[in-house]
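Per-chain numbering from 1; labels A, B and C assigned in written order.
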């Protein structure tokens, strides 16, 4: 692998900000600094006017393989991730078959070996994600799985969730919950409230999420288990997680770019690309989620990248599957929403914490991702131009699906290069393979 | 009313600005009486005769002809009204909406119908009116009475009774009311 | 306006214009030969993914009386049962060359989706719980006809009673009646109300008996028995006792009050059999007027491009 030289950028990591070139050899950062020079045969990448940061880590990606390769494959999803600045993705287990055994874990890891991002795997908590019997957590943990979730559904049975948390304790793993009370959410298409009433659509109340957040905080307190809350979407959830953290419980939480940017009113034109679970909520909820992220109650921004085929998203709204693609827009959306414009909510360093080093720690990927950019560290890097303006075009995306809610929107901030294990997999916004 | 005039008159379009008076109120009154007599003469009386005014300008004129007939012959002639919007040949090409509800509460089969309009122009309104009348029965005969014939026919239709033949330019406009007939222009607002 | 998806597309001016136009089509409908050549050469397709023979017949009769050609697509005889997608289905029908598509679907929003895929005018003939604009127009027309005044709506007290939450008729009627200046009160148990009435120009009551005396129009909605399974009310008997238009309640209405129902009725549930045949019940007239009002809508969409804009601009 040729030497890489990232020239003229501003390095930003958990240790701070500095102007520095970065030299990468054989997958590792070998030298950083203002005065260093590229080797004679180095490939020089322009990082001027850009930020060089650790590669992004997504806690929540649906790669759809095995089972729904029409919508996405490990390969296409990783390419989308690399274009979005990601160097590691955690693949969700709601595939067909689901990732509930060592065999499927091995299959997905194998598929991800040659791809443009590092692909980690989340295992299911229960067999078949059916919420009835525990999946072989230890067997999967031995293969390196660090996150377990039945995402797509919450574990409805309180006793089963308690047992899972207890059983997980000695394994050093984290359980991640999709908080949704199935009975209160049954049949829903969107958030219950002003807009669902007007549009004549069945809604799910915020309480469908909040009841399970409340229960799981109680179970985390009871068991001492480690719990991660997926895609928090309501003001009540954010408040409860904040209180739990203040009590010292081992809980973490994520929010998605779409819940930071969009509200339920987006459904007014009945476009299924705005149907997602948990649903887009009210302006008040959106503000609370943004505030929660700024305050650190919410640790990470995770995409919940959920590709669906055009055919699926052209069904009537109540039949179309929920979900949005997000890998190629997450950094730009979050940056546009939180760091630019008048009165930004957070600094770029705080934003990158939520996109790189904090999710890397939650996913157990921090030895390779999200660490400081200094000699001797693996070179998983993202070069990001915070002033570039561009318009989202779903047709131009690398994901196999087109269900972006941000089509046509103007963004501020764009990924320029992505370096995965020392290889420039994205240069000037173009995937290299 | 002729299509161009419909298009250009309020509420659809411009305002009518009069340039010259071509008939006074008395002229219109005399012409109305004459038309009434001609109708009676042509039809050998008023039995089985109805007047149908075309919306909107023909309706008051039909009433005045009926009044003149009653004064002269002591016999009340029924007056109906007809809106031809749904029969026009330019539906979809430009805004067409009915001015009023058609009121022909009789089966026309076997009757003589005198269509009455204020201004006779291209003939397209009368063409539509003939089709519309057919939906109300098979009249024994249909005749046409107009206060002003201004020429520029586009269809092979001629009037039976005319108040005044008035040569005009195509882009002029004729306005008929009880107070007389004015020649003028439409000024688009 | 090229499509009629929701009452809001018309606004108060557009609604009044449709009502006025419907007068002309009522006259046409009463003739021995109730047909005019207005839409000769135009093709109107009814595409009903949800069966409703009465609504489909009403639209098709309206189209035929305007001399339009009609095409009928109904789900029970179609390739939808073979798994054809919504988009493929409507694009196939549109490819045959149509000027208007009348769409009914049990899912809210489908007419909006269809209007993004094809060029023809779309008329919403009912989408899920959301809207049924021609029903609201014919209801307004029927009230106006019954009261014999050109604009009886300002201050008119309309009570809509029953399953508001799941009712497209209620949503469209709230929009239409309130746009015309009527005062609308929704009457239902809380479980049959929409979760939020934010932005709805209505008053709310849970007590039918309390509003009866102060109501000019009582509009009863159909109750579907399957709602009981969703724990929305305990039994049809209990619903009927509290919210049904019984003979006794009808007697407490003021003498000029009108009784309406969109049909089909559950006699003995939301309305007693003998009440539906009272002289102040407009239920049959609603059906009759449906044809003329739908003729007005079709003529306005296909026959009079931009007419409304011109009328508004120079009124």
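Quick notes on this one:
One rule holds for everything that comes next: contacts are C-beta pairs under 8 Å (C-beta built on N, C-alpha and C of every residue); 3 or more make two chains touch, one makes a residue touch a chain.
The structure presented is a predicted model; accordingly, all values stated were derived computationally and were not measured.
Any chain that touches subunit B and also touches subunit C would be listed here, but there is none.
Nearest to the global CA centroid, when each chain is reduced to the mean of its CA atoms, is chain C. Subunit B and subunit C, compared by their mean Cα positions, are separated by 39 Å. Note: centroid distance subunit A to subunit B, computed from Cα atoms, is 76 Å. A separation of 46 Å divides the Cα centre of subunit A from that of subunit C.
Multi-chain contact residues of subunit B (touching two or more other chains) are absent.
Within the complex, the subunit A residues that touch subunit C are 192-194, 196-201, 203, 205, 269-272, 311, 314-319. Across the complex, subunit C is touched by residues 10-13, 83, 85-87, 91-92, 94-98, 100-103, 107, 131-132, 135-137, 189 of subunit B. By the touch rule above, subunit C contacts subunit B in their complex via residues 17, 21, 23-24, 26-28, 31-33, 35-39, 42, 66, 299, 302-307, 310-311, 314-315. If you check the complex, the residues on subunit C that touch subunit A are 85-87, 105, 107-110, 112-113, 127-131, 168, 171, 194-200.
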